[in-house]
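We just call them A, B, C and D in the order they show up, numbering each chain from 1.
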Amino acid sequence: MEHIEQVLVSGLFAGMVYGLISIGLSLIWGIMDMVNFAHSDFMMLAMYFTYLLFSKLGLDPLFSLPLVAAGMFCLGVLTYFLVIRHVIGGELVQQTLCTFGLVVLLQSVAQYLWTGNYQMINEPLVSGNIRIFAASLSKGQVVAGVASLFLAGAIWWVIQKTRIGWALMATAQNRYSAPLVGIKVDRMFALAWGIGLASVGAAGVFLANYYYIYPQVGATFQLLALVAVALGGFGSIPGAIVAGIAVGLIEALSGYLIEPAYKYLVVFSLYIVVVLVRPHGFFGTHS
Amino acid sequence: MNRTFVKRSFWTKKNAFPIAAFLTLTAVALLAPVYIKILFPLHVLIMIYLYSALGTSWNILSGYAGQISLGQSVFVGVGGYTSSVLFVSYGVNPWLGMIAGALLAAIFGWLIGKPCFRLSGRYFAIATMAVVQIAYIIVTRWEFVGGARGIYFPLKNWGLRFFAFRAKAPYYYIAFGLMLFSFLMVLIIEKSHIGYYLKTIREDEDVAKALGIDVPKYKAIAMAFSTTLAAMGGTFLAQYLLFADPDSLFMLSIPIMLLTVMGGTGSMFGPLIGAGVLIPVQEYARAYWSGSGQALDQILYGLIIVVIVILQPRGLIGIFEGARRRFFRSEAAQTKTPQREGI
Amino acid sequence: MVKRLCGFFALGLALAVCTFFIYGVCGFAYAAEKTVKVGAIFPLSGGVAQTGVLCKAAMEIAQEIVNGKVDDILVPGATTEGFANLGAKLELVFMDSQNVPEKAMSAAEQLITQENVVALLGCYTSATTATASQAAERLGIPFLNESSTSPILTNRGFQWFFRCTPDDDFFTRNFFEFLRDEEAKGKNYGRSIAVLYENTLWGADVAKAVQKYAAEFDYKIIADVPYTARAASLTSEVQQIKSANADIVMLASYVSDAILLQTTFRDLDYSPSIILAHDAGFNDPNFLKTVGSAGNYVLSREVYASTLLNKPSVKKLNELMVAKTGYPLDGNSARALMGVLVLSDALLRTKSTEPDDLRQALLETDIPAEQVIFPWLGVKFDPETHQITTGRGIVVQIQDQNYIPVWPYEIAGADVLYPIPQWKDR
Amino acid sequence: MELLEIRGVSKRFGGLAAVDSVDMYVSRGEIVGLIGPNGAGKTTLFNCVAGHCGITGGEIYFDGRRIDGMSPNEICAMKLARTFQIVKSITRMTVLENIMVGAFMVSKRIPLAREWAREVMDFCGLSPLADAKAGSLTIGDKKRLEVARALATEPELLLLDEVMAGLTGKESRDAVELIYKIRNWGVTVLMVEHIMEIIMPISDRIVVLDSGTKIAEDTPEKIARDKKVIDAYLGSAA
């Protein structure tokens, strides 16, 4: 019955990548109480940067990771100061409208700059496939999965153990009283967006290893990441990873056992059931 | 406590100007199809009226009652598909199909609303997004409603009875009627206690409960208004395109929300103003720029959304509100904040 | 309360009415010299944008040929400059459908009423062709469809809709004829089939046709797996096909899923003995460019193959295409180019650009085989359904990243490489 | 049968007993003061009575009918209104509209509701601010608006949660006068307050809570001299 193993293993690794994508989203949501619907489109940008570095400078994705992550960090800070700062005070409706505007903008700019072509990094350093138990998996996916866990741990460590992390958490608790203890809230929000986009950028780099790149690639991951964050409980990093893996497994299993066309149906229905039972997800704090 | 009240008269001199403006513009709008022979501007106007009605349906639930839904397209789809299936497979008159679609959508609204209204803010929004995806997948795999192929309307029978016309003018009037009907619905809400109750629920549910408002019931009422209107919009779109497929009916949640919030949520003409600006921009930019295949029109569209939400968080209606205050200066003079004479 | 109410209504409506007047007025373009305008609606943005852009480039090449005098390309309209009978040149007016049915319809209406085009070409994806052709039918303008293969388009009883490409039904029959001929040559590929297809309009039609002809040619369908288009991962789908382990695997996907499928086959180390792919995604130049050597050995149905280059005019057209876009001609862009030529041939014979005359000319189309860049028996339309009757599909196999025709045998460039080797020894 | 009877009510949040089997009553036409140091469970008790949070023990009777377990809006429909400790006015509506929301309990027709709201507004002295947006009011006026809004639902019992907190001298004198007017209008009042020199003269009876339990219930004069109350506030001398 090694088919099931194959499905479970690939579902697990796909889930890890979903986890990494949703960490940034969970961070921004937790700290700024704002849902960034354009999150997966920033990942699309990171995938394009990785591809350009690979095709123009021959820089393999593994080496371009720090570069792309740094680039996305700056982009995050820039986006915050240029756009998000004006909307942060507004209601949920304004924030939703603004981020959906970004979705349209990012996809059309990508289409304008790099045309609608499907790009792919063929023969990256990490190519070919390896066998885990009875399942065979592309190396890119394995590296992506493992690295996602590692990065999640790193971000979690930064948030829990460093002074900056505490400042971020303080701002998350109460953005109005945080300044009373000397925290510059604006800077914290910019930092949240920076880290958020850096983490989704990293996910983009890993994904670019084995997945194709085109302007609309973000749309496929958008709702999966949102569901993972809402399941995991906003603001909780372990929650995002666990929920991401859960989504990956459910998707793979339901695709195999029931019918592939219904796999997202199962994922979303399970999500609704869970969220109705526990409105704040697995690890969410009751706001 | 005896309750006496004076019925304020409607036909006063003060109201003369706005009523005149309303009537002339409605007349102009009604005469437009007679003079405009080119079909494309008519198509743009029809889309403006349709999206105003759909935007109003979203506005009632999310603007007035504050339950932000990103899944309004489920009800548009249910409405459109019900009337299409009834018409194509069973030959039921589309107008009856529209009513059946509205009823079915209202039931769906109640089914989805009952559990989901317990969720707050963001969680409700994401849950509705998941619901519309589920509906999309189900319809795409359901052979009875044509599955992914969609439903093809036979182009043989024309005329009002079949809600299908060769010319654009009848569609124009029906769309205009649909928009007026949506404004009538909003009027009913604003003119009754329901409007006040919904705004209270939007502001703070605890206060609403403390003041005796049965919150779930009034949320359900808002949902009923909203789904009925959305379903009728769905039927119109299916009859206008004479084609119904999952992509054209179930993927409208975001555009509907965008133009309503741009126009101004929680106000009657937000959707009309939002549609009046966004739809022409989209249609004409696409018509003249998109030929190059570099999505220039999409870039413009994205930029407009982001810029407007930054400059005018309250929506475009904020601009008119400002103008209205300055324009009706006399009226503004009366309500400067009064000095409180002691008790 | 009343003042606020009516004031806003007035302002809102005035805004809506005047915005479209402004746009409407500045929208009229003036054509300097006399030209015959033909509308072309393609998905130039959205999921299949790249295919649309390539089709547009191919059609512009056809336009240059028709308007100029070219003698080394033997195709309709090459030897004349523009349309002598109408004293005008051809002008293609492009519009983006964004692959959205409602936008395709409004584009068709604008082209007909505002740009006064005499005919329409287009739409590549079947859903957009459906609504755009409805607009043309309502307004009585000939609509020539060049590459949407969904059978339903030609059995709606339309008067103004023509299609110059075989439909899925025809192509699927071709596949089974190919299998029967291979069997006659002693190569037995087995009797069980697994079908994996995108559950969109087109994919669903292909699956129906496969079921019909599998029964007719007595093959057994042991797995029928629809999947959601543009999925994040297809591992469970491929796993289901793998566990069915059928002799023959049939696929139907647009280009993004075709790429993902091929890489997933490689990742899961699964290579069925033979893969028959239905056009679209697998013939898109993007597929081979992106997937590279992993695309080898896949058999696909096609109308065009680069080895037809031995035909002089096809070689020349291919060079023009590579010069213009950097991509060779492929099944979709070649059919778009042919669509322009077929319409130009009709325009050369029509008495006037009146819709009825043009339709009559289209009905009388009879382009000989040698003037067609495909291995067809020429171009003739069925008087009733306006579907091309003389079309013929061919089967190609990707052999070291090149599409080589393997059937029908008279134009076959090589034998079928069978069975497909395992991934490790490729 | 008293208007409001609280029998052995307790409310636990996890281990912590915010309210621990409190017995008290409020009879018709009275003004009862509920006092106690911070965290004594006064607002929790209020929320339990008003139905905002369920109770883990005991029963609450209002006008003879059991109300613990009913939802806040049902309790309001039974003529029991409340104000909030932290002012919650509907900012985007005008003062009159705020009061009208409460007035809809009287009649769902707008003209009638508007007239009744206007009457209550005059009664509470907010008429000059009728058309001002609720968000633009001073803290004193907002508190007064809360009271007016609650009054508009025509309650028999009105729960006032620290209506005086944060008011200037003059404003609190106006508030005291308003409470007398409310009582003369026939509305029973149960109020929570911290400012002794206000609550003592105004109340007919005082109930004192300390860390969830009732430690005294008597007339204001006796309460002022009760040793247990002084200890609770000032901490025992020992």
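Observations, loosely collected:
Following the convention adopted for this analysis, a residue touches a chain if its C-beta (ideal position, glycine included) is under 8 Å from a C-beta of that chain, and two chains touch if they have at least 3 such contacts.
Computed from a predicted model, the values in this text were never measured in an experiment.
Distance from each chain's C-alpha mean to the overall C-alpha mean is smallest for B. When you average the Cα atoms of each chain and compare centres, the chain farthest from chain A turns out to be D. Centre-to-centre separation of chain B and chain D, using mean CA positions: 42 Å. Remark: chain B and chain C have CA centroids separated by 37 Å (rounded to whole angstrom).
Averaging Cα coordinates per chain places chain C and chain D 74 Å apart.
Chain A and chain B, compared by their mean Cα positions, are separated by 33 Å.
Multi-chain contact residues of chain C (touching two or more other chains): 45, 49, 53, 199, 226, 228. Under the contact definition stated at the top, the residues of chain A that touch 2 or more other chains are 108, 111, 115-116, 261, 264.
Within chain B, the positions touching two or more other chains are listed as 137, 140-141, 293, 295, 298.
The touch graph of the protein chains shown belongs to none of the named shapes. Across the assembly, chains come into contact as A-B, A-C, B-C, B-D.
Contact residues of chain B toward chain D in the complex are 1, 3-5, 7, 191-193, 196-197, 199-200, 203-204, 206-215, 335, 337-341, 343.
By the touch rule above, chain B contacts chain C in their complex via residues 10, 14-15, 17-19, 21-22, 25-26, 28-29, 32, 38-41, 43-45, 47-48, 137, 140-141, 147-150, 152, 154-156, 166, 183, 187, 237, 241-243, 245, 247-248, 267-269, 272-273, 275-277, 280, 283-284, 286-288, 290-293, 295, 297-298, 317, 320, 324, 328, 331.
Touching chain B in their complex are the following residues of chain D: 50-52, 71-73, 76-77, 81-82, 84, 88, 90-93, 97, 100-102, 104-105, 108, 110-116, 119, 125, 128-129, 131-132, 136, 149-150, 153, 174, 177.
Taken together, the chain A residues at the contact with chain B in this complex read 29, 35, 83, 86-87, 90, 92-94, 96-98, 100-109, 111-112, 115-116, 215, 223, 226-227, 230, 234, 261-262, 264-265, 268-269, 271-272, 275-276, 279-280. Residue ranges on chain A touching chain C, taken from their complex, read 3, 6-7, 10-11, 14, 108, 111, 115-120, 122-123, 129, 131, 136-138, 141, 210-212, 214, 216, 219-221, 224, 251-256, 259-261, 263-264.
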